[in-house]
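Before any comments, here is the structure.
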Amino acid sequence: MSQNKTAVSGSFRDKVRNLSDTNLLLTITIVAFFLMYIGAVLFQGEGFLKPQSFFNILNSQAALIVLACGLTLVMINGSIDISVGGVTALVSMCCAVYLDFHGGNLVVSLLIALGIGLAFGIFQGFLVAYLDIQPFIVTLAGMFFARGMTTIVNTKPFNVAHEGFNELKMTRVKIPGLGSTNRIGVYVDAYVEIGVVVALLIVIALFCVLRWTKLGRSFYAVGGNKQSALMLGINVKRTKFIAHLMCGLLAGIGGYIYFLHVGSGSATHAVGAEMDAIASSIIGGTMLTGGVGNIVGTLFGVMSLGTIQNIVASAGLDEAWWIGITRAAMLCLFLVIQSLVVVRKKKSKG
Amino acid sequence: MIKRYAGLIIMILLISAGAGLMFFGDEAREGSENISDQEALYEDMPQDGKDYIVVGFSQIGAESDWRNASTESFRSVFTTENGYYLLYEDAQQKQENQLKAVRNFILQEVDYIVLDPIVETGWDTVLQEAKDANIPVILVDRQLEADSDLYTCWVGSDFKEEGRLAGKWLEDYLKRQERAKEKIRIVTLQGTPRSSAQLGRTEGFQEVLSSHKNWKMLDCQSGEFTQAKGQEVMEGFLQKYKDIDVVISENDNMTFGAVEAIETAGKTCGPKGDIIIISFDAVRTALQYMQEGRIHADFECNPMLGPFVSNIIRRLEAGEEVEKVEYVKEQYFDSSMNLSRILGERKY
Amino acid sequence: MTMNSVAKKQNNSSILMRIVKNQCFIPLAALFILIIFNLVADPTFFQILLEKNSAGNNVLNGPLITILDNGSELAILAIGMTLVTAASGGQDISVGAAVAIAGSVILRVISGGETYPETLHSPVIVAFLVCVVVAMLFGAFNGILVAFFKIQPMIATLILYTAGRSIAAWINNNELPVINEPSFAYYGTYIPGIPIPTPFFIMVICVVIIALLLKFTNLRLYTEAVGINESSSRLNGLNPAFIKVMSFVILGVCVAVVGLIKVSRFSTINYSVIAKDIEMDAILAVALGGNALSGGKFNMVASIIGAYVIQFLITTLYRFNVQSDALPAYKAVVIIILVVISAPSVKEWFSGLTKKLMKKEVA
Amino acid sequence: MNDNVVLKMRNIHKSFPGVRALQAVDFTLRKGEIHALMGENGAGKSTLIKVLTGVYTKDEGNIFLDGKEKAVAIHSPQDAQNLGISTVYQEITLCPNLSVAENMFIGRTKGIGQNWRKMNADTEKILKSLEIPAKATQQLETCSIAVQQMIAIARAVDMDCKVLILDEPTSSLDEQEVEKLFTLMRNLRAKGVGIIFVTHFLDQVYEVCDRITVMRDGQLVGEYEIKDLPRVQLVSKMLGKELDDMSDIKGEQQAYEREEGAVPVLEAKGLVSDAGIKPFDFHIDKGEVNGFTGLLGSGRSECVRAIFGADRILGGKVKMKGKDVKISKPLDAMKNGIAYLPEDRKVDGIVGDLSVRDNIILAQQVLRGFFRPFSKAEANKIADEYIKLLSIKTASADTPIKSLSGGNQQKVIVARWLFTHPEYLILDEPTRGIDVGTKVDIQKLVLKLASEGMSVTFISSEMDEMLRTCSRLVVMRDRKMVGQLSGDDLNQNKVMSTIAGGENDDE
């Protein structure tokens, strides 16, 4: 590694050019996020200086992180799943009903959640992978079905009064050293809900899967070029199926985390969550064309969305519409960046 | 090259993020010690040394005229001229958003939190946090189920009373029409299930209903306080039941929808029509409908909560005690009144 | 079996084959089944009464009319959606939001910013034209993202989907203007003296226009060519980018029309609810019409029929007092059944089965 | 005998809706031989290959490996790989978004984990041994097509396979690369690998192959030692008829002489596009047939694309019949009576799902403009006319073009451009990947058109075709125009030496 300056810079430029789409977009996202958060701290002051406000974003976005992870998987496969929001609602409603009306126990409720997620994953996966039906339509049906079932299970939104559950809901992982004093000068530790811990674990796990296992790589392969993947001896159908299955499962988990966060069942829960998840994945550098994407990016994508929301809320732009507009603007920005990246690739090729 | 180390790089970034926060955290602690007064916190707050009362208001959304009117009443009262600084957050119909909003208020160290809860339950934790931070919480409009010492007081309408009034009104209206003995078929467009307005109004009307053998409640369905939904549900009713005498619509927006549905179905409503319509909220449009003779009676649910709350805060500032429950004063209107005059005076 | 089916298709001898092969077959079959179902379940479904409505004019009334009424909005959107699908091989999921914007614009122009205008501040036609222009602009925005930035339509339109309703609210800065002028309600309800709901006529007009376009211009050829093979249509002198944008702009016009119907129907607007999930229904209509969602050849008639089938289903379900929230569940079941039976692999399996049967018969 | 047979396919049947692709086909491959599989398009070569590699599942018949008695079952490419059958297809079948190393190893490593370090190291080794100019960690997308093809081959070779199938691997390789490939093949043969080699280039067959199996219309014609089967016979076997058209055409083109002082139909000065070609001058006369020749990637297609305005034009002047014209996009060119049959039929030529009719009228329709569509009747008339004229084999004018055979698709595209009645017709690789019969038809057509006064530019990677049809050759090297040959210079050696750049004139 002993080269003179020019050589180094040359090799660096070389590196940047050979930087794969995935990593390039990832870098962009992360940088963007930090700039945004620092900006928030500088301009919004106090609120954002408190770590807790950061953790609050995490707490409220934990479920979305998991959902977005699932979407990233299917999107890397060049597929899509817009049913996750519905599944989330269905899961929380079913669990709520089970816990509240039938006073069931937590483990079972968790199993219910996973079961529902898995069921959706398997069914949609089968239709998409083995009957190759348009994933959009299939999961659209999935979304409709989940939303509908939610109201069929129980129309009225209600909160769960189940000791065990509420204990779990209140459980907080204290983060020493990051706390802050509240306005009467009492020092309170910063905390995250267990949902966050689970979500982060999932992120790490999936990161490893995508990077260091054959399954993960075959996700990328299938997304990159279905036909080639087949010729390269990858079982495309099964890979797609697994991706959808995992997405469904994650939707189940995400649903439970969401349920844990809001502690209530309602048909209007997680409305539009699927779109938020897709948006996060895109901001995180996943391309719907498939073959390009990264879980860590997705994590940052979700956080970016959350941060934007907080900035808007505390920037005195109190009208609700600003959130929608800013998010869209952000999404637009990232999409344009992506298409520019694609162009760059075309150039370097020609 | 880069690809291989990407994972590593990312981990480093994550750690650095944590570290950064650690740093901010420490700074924050010092910060909050030496920043005594509120001025520094909100950069767009006038820096004229006056000690403003910072109020965080978490509103449900902007789904109806009534809601907007109430939001407006807060905006108009909690101004810097009046010595307030208002942080307003619209929850867009989601409890999670409200929880988030309230938590932010706590972090931003406001003096008072005003909350219009979307649903009745699931507030204990956050209210406790507010209590710990010694921030008084004033609930408005809708009620919630929580240990009453977690919040300072509740300000709003007595929905049950409204329901009861409606029932009574129907009772003597029918008397006047010599239909007191007839069989009366009633349908109800309910509000968002479990919302206190829905519960109160239904319950209140139920009381009167139960005292009349000849009144029959055909069906209750939720129109979710929205016009589109109201119309949908009403269409359903009309296709299901050939003969409907009375429609109780638990807010005006649903009523508009219902009227629409009734009229497109070729039936008529209002004093001259064949269906009696009783509505709640009494927003301007509703009164205009009444003028046009499309609605019989409308029971006000006063949205001008801002002034009441302001008044309460003043009293609290002055160290006075306040009631746990403070009803706003309300009235009702029906087609017999001089509506044009009323419309003239009313602000919403 | 398949061989001679091909043969038959070629010399158009077998009526049956032609019917089954026809793209309108599936939607029509679905419609047929629904009709039978209703006939059995409750014949009153089909009775149409002439009744007086509040405005004091005679109007037809009954489930079928409701279908005609509400289905028209969907049909109009289906027209635009079909073109977009054909040209870009993707779908526009922002139409619902766009409708909100369109409606909001109309109200803004008419109410002139007041919440309770006593009079119309400008004639409806002006408001409508303004709204058409705005809707076309938003369509162009989507189109440009898709055509020039090469973003998949679903994602590109996700932007407007996210921002749309916010923008709509912003246009009237969150007021909900109410227009009490009766003449404004004509477009969404009834014109005095005409017993059939106006939206139906509007739909007819739209259909006629698009039919003329398809007949007397190359709209179809160009759109399909671009949808099937972009680079080769470019080498044949076409401008794919422009054609894609055009398809989105046309959809924009449809959106504007629907926006007018919607706000005129309620004579006010609710940003978060108006035209909710209509995009999904519109896409569904296209799919139901047997059009490939991956673009290419399209069949407008089939899409329009598809739209009415969906409305038919919805109305039917309401008749069996299904909770409006539970509706999607049933819709979903229908979708799944449809896509599964029309899935190529399943079809193959069927034909294989029939082939076996034929063999058996021979043997 | 049986012991050195590595692959035996017996009585293979396969049919698709409406077509019998394979009927009772037998095929035998011995250890350590290079076996050419020949046949026109639609003869069933690729179907046979796809059956063997598990892309299709056969309806009937058995496949035996290593002379074992027990038939093997192949249901997926995976199975084929595991059985030691590896394949390189004509179109690149690698994943552009993955690294070179991953493309080398994905789908064939054991275990669930992925060891990057080892994988990259191994890849580097292989790349070096085959002298492939690529880095293991490079994203495949960033490699040139040829390199990608080489990588695909490298992957196939690296899997220690008993049977290696090369399905038209050379179509995207240039001379040197082809040579490299051939040496590679010979080495493998020495190692005892059985190689199935599918190609349209006869001379390549005669260069490397030991035996030939010929197929026609989904049936086996026969299996021959290479030495017992001279070219002409091979061709006639492939076509199923004795044919000497080849020799006929010879000489026809001599009919054309350039009359002095005639204004060229098209004249380009310093034309340059963003496709990376050096500025070039070019002119063509009325009724002239000329050609661009040069190794693949030498920029011959780029030149004609520039003339047609298919790529973005960066500079240069174009004159049509003496007056300046501006050609910035295909439509301009078309308006000026230029027609361009693109190199890649599937990607740039056909509009797959549209009917033959629409494909024929498309270009002319665009010229007529948005508001003047042909009536159905007109369109049908035109379509039928051209279907007859070019004897296009199609069920009807309504059949989607994608269901036609390659050759007929090409004819439809030709028809499309003839219908625009161009003064100047550019044919870029019109004979690539189509059967000999159609090749001859097209060459004849070209000469006919020229004799009727149309100017034609003809590009083909098969030298003798060019020599047969063109009266003037423009030679390209490294994206630069390096010479023009006509008259007596039009002979194999001269052209070769010009292409090669003078190193080997003494041939």
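Going by the order they are written in, the chains are A, B, C and D; count residues from 1 in each one.
Just so we're on the same page, a contact is a pair of C-beta atoms (placed from the backbone, for glycine too) under 8 Å apart; a residue touches a chain by one contact, two chains touch by 3 or more.
Just so you know, these numbers come straight off a predicted model, no measurement behind them.
Colleague: Which chain maximises the distance between its CA centroid and that of chain C?
Modeller: D
Colleague: A-B versus B-C: which has more C-beta pairs touching?
Modeller: A-B
Colleague: If you average the Cα atoms of chain B and of chain C to get two centres, how far apart are those centres in Å?
Modeller: 36
Colleague: Using mean CA coordinates as chain centres, what's the gap between chain A and chain C in Å?
Modeller: 31
Colleague: Using CA atom averages as chain centres, what separation in Å is found between chain B and chain D?
Modeller: 72
Colleague: Check each residue of chain B and list the ones that touch at least two other chains.
Modeller: 1, 3, 61-62, 92-93
Colleague: By residue number and range, which residues of chain C touch two or more other chains?
Modeller: Within chain C, residues 169, 174, 323 contact more than one other chain.
Colleague: In chain D, what residues contact two or more other chains?
Modeller: Within chain D, the residues that touch at least two other chains are 99, 116, 137.
Colleague: Spell out the residues on chain C that touch chain B in their complex, using ranges where they run on.
Modeller: So the residues of chain C touching chain B come out as 49, 51-55, 59, 61, 63, 66, 115-116, 169, 174-176, 178, 180, 189-190, 265-266, 268, 270-274, 276, 318-319, 321, 323-324.
Colleague: Applying the document's contact rule, which stretches of chain C touch chain D when the two form their complex?
Modeller: Interface residues on chain C, with respect to chain D: 2-3, 6, 10, 216-219, 221-222, 224-225, 228-229, 231-239, 296-297, 351.
Colleague: Which residues, counting only chain A, touch chain C once they are in their complex?
Modeller: Residues 80, 127, 130-134, 136-138, 140-145, 147-152, 155, 267, 275, 278-279, 282, 288-289, 319-325, 327-329, 331-332, 335-336, 338-339, 342 of chain A touch chain C in their complex.
Colleague: Where on chain C does chain A make contact in their complex?
Modeller: 91, 145, 149-152, 154-156, 158-167, 169-170, 173-174, 280, 283-284, 287, 293-294, 323, 325-333, 335-336, 339-340, 343-346
Colleague: Using the touch definition up top, name the residues of chain D that touch chain A in the complex.
Modeller: It comes out as residues 55, 76-78, 80-81, 87, 89, 92-99, 102-103, 106-109, 111-114, 116, 135, 137-139, 141-142, 155, 274-276.
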